[in-house]
Amino acid sequence: GADKLLTMSTTTSTENSGLLDVLLPQLEKDTGIRVKVIAKGTGAAIRDGIDGNVDIIFVHAKSREEKFVKDGYGAYRLGVMHNDFVIVGPEADPVGIKDKRSAAAVLKAIGKSKARFISRGDDSGTHTKEQALWKATGLSIKTVTTEIIKKGKKRKVSFQHPVGLGKWYFSIGQGMGKTLTYAEEKQAYTLVDRGTYLKYKYGRKEGLDLEILCEGDPELYNPYGIIPIDPEKYSHVKFELADRFAKWLVSPKAQGIIARYKIQGQQAFFPDAVPGAK
Amino acid sequence: MFFLITFKGKRECSAVLYELKNLIKTYDQRTVLNLERLSLEKNKILGLLGPNGAGKTTLLEIMAFLIRPSAGDIWFKKEMVNFTNGKLMDLRRKVVLIQQQPLLFTTTAFKNVEYPLKIRKTPRAKRERIVKELLDLVGMGMFMHASAHKLSGGETHRVAIAQALACFPEVILMDEPTASVDVENQINIERIIKEINRKKGISVIFTTHDMIQASRLADETLFLYEGKVAQSIYENIFSGHIEDDSKGNKYCVLHSGLKLLVSSKKKGPVRISIDPCAVKLNQIERDFSTHNSFKGTLLQLTNEQSKVRALVDVGIPLSVLVPKEVFKSLHLDLGEEVRLYCPEESIDVF
Amino acid sequence: MFFLITFKGKRECSAVLYELKNLIKTYDQRTVLNLERLSLEKNKILGLLGPNGAGKTTLLEIMAFLIRPSAGDIWFKKEMVNFTNGKLMDLRRKVVLIQQQPLLFTTTAFKNVEYPLKIRKTPRAKRERIVKELLDLVGMGMFMHASAHKLSGGETHRVAIAQALACFPEVILMDEPTASVDVENQINIERIIKEINRKKGISVIFTTHDMIQASRLADETLFLYEGKVAQSIYENIFSGHIEDDSKGNKYCVLHSGLKLLVSSKKKGPVRISIDPCAVKLNQIERDFSTHNSFKGTLLQLTNEQSKVRALVDVGIPLSVLVPKEVFKSLHLDLGEEVRLYCPEESIDVF
Amino acid sequence: MDFLIDSFLSALLLIWSMDHELLVIVQVSLKVSAISTLIACVVGIPAGFLIAFRPFYGKRLLITVLNTLLAMPTVVIGLFVYAFISRRGIFGAFDLLYTQKAIIIGQMILIIPIVTTFTIAAISRIDDRYRKTALTLGANIFQTALIIIREARFGIVASIIVAFGRVIAEVGISMMLGGNAKGFTRTMTTAMALEYDKGEFVLSVALGIVLLMLSFGMNVFFNYFQGKARV
Amino acid sequence: MDFLIDSFLSALLLIWSMDHELLVIVQVSLKVSAISTLIACVVGIPAGFLIAFRPFYGKRLLITVLNTLLAMPTVVIGLFVYAFISRRGIFGAFDLLYTQKAIIIGQMILIIPIVTTFTIAAISRIDDRYRKTALTLGANIFQTALIIIREARFGIVASIIVAFGRVIAEVGISMMLGGNAKGFTRTMTTAMALEYDKGEFVLSVALGIVLLMLSFGMNVFFNYFQGKARV
């Protein structure tokens, strides 16, 4: 019934990957819980939690998630799984990054040779990761801040990027799919999560004209966490259901489903709660 | 006829219908209507005459409670009309105006005439009977289901008259009701006007530019000139300009070339009206004087109660009113040459 | 006057202006115009008469090349008009139509009259002079900068006439040019019509419901009836219905109650026209016959060339044309009772 | 080119298969758009009439403000409504966020200015004699308004068509306030956006074609009225 | 409520700071919207005129199709144009994708039906006597069209305002075809969408308020015409 209905905010990539379409029916079968999924950017998804609009959030931006819990919005965070990012680019690979394993080194090479790089620039998990990687390259980083007013006080909103914005570094402020097509169109490098890449590369008639050039660096791991909203903060949330859902998600059964989920024949997510799940 | 039968006739004794005091209507700072005091009687047919722009339409629209006077008061059947309190609908249901260029609703002729009945919640069957009858009355029965906007000018006008009659009003205001109507239907409409007035006691106020129609149809006539009730007789109005001769005499020269000695202090372009009662009509051989005496042709004679209206072409058509006996004694024939004398007093310069 | 000076007058010898052959116009399967053959002369003033819906406006609009006939051909100045090839503009520049209910553009009176000059690329200074003069000509000089949509009915009509004159056309088509115009300006407009025709050789075709205006102004008149040129005289038209008496005589009973013996095979509702030349006018004491003889009052007498037009009220106003000598010999006075006899042959039932 | 043909064929396939999920989405789209258009008419037509009908102080300013609202981005409307109906907003208790009602509220705000503006434009051109005729024939204010609106119906129906087209094709508000929750607030357009995000361009355009076909059907219906309006 | 006040104050702050980045975004928005509106007028007004002017076979079908196009989702337009101008499309060689030109093409397709539909609606109500008067006074077809459009200007200007409002507030096409590249094709609305995605709601609405202020300024200007149209 309606009382067994949970509202969950998640990132577009989670929904787009199709993983929820196999997880949620099983959840309903096991627990009777139905989930109303609201997919949006990581920032907006966390924001939904802060505003108490949802019962639970399922996102991938570990540091922000931890802050979310620390600030008392989230009851707890459970690591569910991870996938990984890869750096893709044109097959010709003009910068010659193919042999490098370290993501930071790759970006550094791209930055040095001023080869075109497309950034999501939307403050998403991917973008957050990318910013961290650029910082690690040691290239000079510019910080752009905009002053706004929040709760009557001035506050700064900042955004970091390597020098060269608009020349070789393009910040397009769009979702992963759009960023990929943009990169293909411009034959540029970009950072992408493996799931989306697989879909675009093999899931369509006219496969993506970009190749994986860098993968496997642990820095490129992308962990997903589930956080029920703290009922102390918002008394109206269905914490009990949320709690059951979160627990179910880290159960061996759900972890097994995650491990078995394949995109274009390749494993897309790696369970973190029960690492060996099959 | 059903229409004539169901009209609730109340032949009341003559009483005041409209009373207007210091009524003023201004548009963009221009005063187009300025009536100090005017009272119109009930159950009469009133003809409203006056040149273009005299304010006839404006007055009718005020009397139909459609536009608000800029100043002044108006009483309808002894009750003062309040143009602001939004209770005009009750008054409007008693008075109906047929506009100068009637505009029918974008539907059929039938539905147009049916509309006033519909909003008065007349039952459908009765409605149909009345509409048919009214359309027949104005000779538009054939066009019942024609779409109104495709009708010719005169056809439109006649449907509008039927539409107004369907209101079964106490007062009908008609703005040039026969202007574009053909001869047969002019006669017909005049008959209808007379009939609804005589048999049903409906007051009729109509405007026209046809002096003879007015005197034929109306119990009373009213002349408007530049928004005022004209004191001087509104007839034989012409434009011209004032000229002096060497002796200091003042002449008014009309566009047609006619030169009239006048007594006026005005200069430049003026208008004059010539009192048709004060003009002397004579046989050609009797030559009065040197000035203001013109030769002309007798164009038309019209019977007007105890007088004869003669239309004489003296370059322009001049209207002259002569008592019947006097006219008889002159032994004039149509088409004959005659002589007109316009005394200075008969000419009003304004 | 500038306007009259600059008119390029070409007083050509009488020639054919319009020639129409088998011209048909149908609207929604209804034939509203059906002219087998008609030719109109140049440099004339032609009056077009006919009841509402006769097709007058439709004919004028075809002659102005504004609507396309459904069938048939039309020649303008001996050249066949091709309504499909889009070269009508050259023709339209020679002919201008003043519509029955003229609609001015949403701007000032001045700009309205200026428009035809502007599109003819007349220099600005000249334009201004001509517009002023034309507005003065129709007595609208005062309203130069008034916004056109706020003008009264007659004022609008007069500005439209000025606008048409600004086209300096070869042919002017006027649809009821004086219908809502005041008496002074009616005279004025009639004078303008005559002047542009006589002095400048502009052909004028106008419609009217005023028989007397037509005969006063027009060199020729044409009667339209139900889209056809009327063979029978278009006058004294009345509606009524046919009744039989016990002896098999057929009577036409008019709406006014008048009963006329007629010879016709028609039944039910009909219309009749009574030939004004065939009606006999007599003193009251001379009693002809039992039928079709009516007592009436002499309302109006009008001079028409060699004849006198008498308007007699016999319940309805009947028009009678009597030769001048005959009328004189009758010694009739206005307002007198007279007797009318309408022979069966004078009545046309249709 | 292939892509467009593929999309079109997929659209046909979608319709042919009468997929339950598709039906739900179509139904949500139609319901939400129809209700918001209806409300916009109920509010916008009388409002436009009142504004057009007579001069009043500040009329031009009001019209200018209405015109400005036509340029209101859906994001602003979305966030504006969000501020009121989110849990922390003053209507938070009504639990409106991520429901169809929320979409309707947002879309209503989006199209009321459209309907109002065009009603004003349509009515302003209507000859004042219609008003005078109705009044003199004894109509009350309401009946007179109906007559005028009837005469202006060609323009007003056009504005309703535009408004309906605007909301059925609208994605921002539906996404932000509805949340694109499958089975609840997923509309044709949010589904399209989703498929687009996934890179399923063919499916996205196929859904768009289904939407256009639907809209064509609606318009054949509307056209019946607009055609009648021309009599 | 706080949120809206914050946004409003932030908007003032943004304007006050005259941030270079903001100015670029505003400029791109205005330029792109103005050009696409202009093109839509140049195409839509004559097209509307021709359709309204005279009856022809298939007229009603054409109007219905136009009305249907009003419900064209931006995603469909975006993908449609994309299919033509992407590197693989037939116009791929022109390198149009992710440029302002691409946005203009898409937006043009979006609003031409709006301008056309309302031009038809406005012109259909114009008394035929205007046409006859112009023609008989010697106007050619073009001058006659101008007269009729002039008489219908109240409705046509309204449609231009709606069209401009539509494109300046539009986000889908700008995003898909422009790519939201900072400094090149980032418009007010794509910037807003981005901030929204980031969860920076205050900044997003602040940008929206700046846009509305701009649009208000434009409309004061438009209103001058529309007011004149009423003479």
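Each chain gets a letter, A, B, C, D and E, in the order it is written, and its residues are counted from 1.
One rule holds for everything that comes next: a contact is a pair of C-beta atoms (placed from the backbone, for glycine too) under 8 Å apart; a residue touches a chain by one contact, two chains touch by 3 or more.
In this text, all values refer to a predicted model and were calculated from it rather than measured experimentally.
S.K.: Looking only at C-beta pair counts, which chain-chain interface has the most contacts?
M.R.: Result of the pairwise contact count: D-E comes out on top.
S.K.: With chain centres defined as C-alpha means, what is the inter-centre distance between chain B and chain E in Å?
M.R.: Roughly 54 Å, centre to centre.
S.K.: Measuring from the mean C-alpha position of chain A to the mean C-alpha position of chain B, what distance in angstrom results?
M.R.: The computed centroid separation for chain A versus chain B comes out at 86 Å.
S.K.: With chain centres taken as the means of their Cα atoms, state the distance from chain D to chain E in Å.
M.R.: Centres of chain D and chain E (C-alpha means) sit 17 Å apart.
S.K.: Of all residues in chain B, which are in touch with two or more distinct other chains?
M.R.: 101
S.K.: Which parts of chain A, given as residue numbers and ranges, touch two or more other chains?
M.R.: Within chain A, residues 40, 178 contact more than one other chain.
S.K.: Which residues of chain E are in contact with two or more other chains?
M.R.: Residues 176, 193, 196, 201 of chain E each touch two or more of the other chains.
S.K.: Name the touching chain pairs, would you?
M.R.: A-D, A-E, B-C, B-D, C-E, D-E
S.K.: Show which residues of chain D lie in contact with chain B when the two form their complex.
M.R.: Touching chain B: residues 127, 129-130, 132-133, 135-141, 143, 147, 150-151, 231 of chain D.
S.K.: Would you tell me which residues of chain D are touching chain A in their complex?
M.R.: Against chain A, chain D makes touches at 2, 6, 86-88, 92, 97-98, 175, 179-182, 184, 194, 196-202.
S.K.: Applying the document's contact rule, which stretches of chain E touch chain D when the two form their complex?
M.R.: 1, 3-4, 7, 60, 63-65, 67-76, 79-80, 82-83, 90, 114, 117-118, 120-122, 124-126, 152, 154-155, 158, 161-162, 164-166, 168-169, 171-172, 176, 188-189, 192-193, 196, 201, 204-205, 208-209, 211-212, 215-216, 218-220, 222-223, 226-227, 230
S.K.: Where on chain A is chain D touching in the complex?
M.R.: Result: residues 7, 12, 15-16, 36-40, 51-53, 175-178, 180-181, 196, 199-200, 203-205, 234, 236 of chain A touch chain D.
S.K.: Across the complex, what residues on chain C touch chain B?
M.R.: Going by the criterion above, the answer is residues 27, 50-54, 57, 100-101, 139, 150-155, 158, 175-176, 179-188, 191, 209, 211-212, 235, 237-239, 255-256, 271, 297-303, 308, 316-317, 324, 327-328, 333-335.
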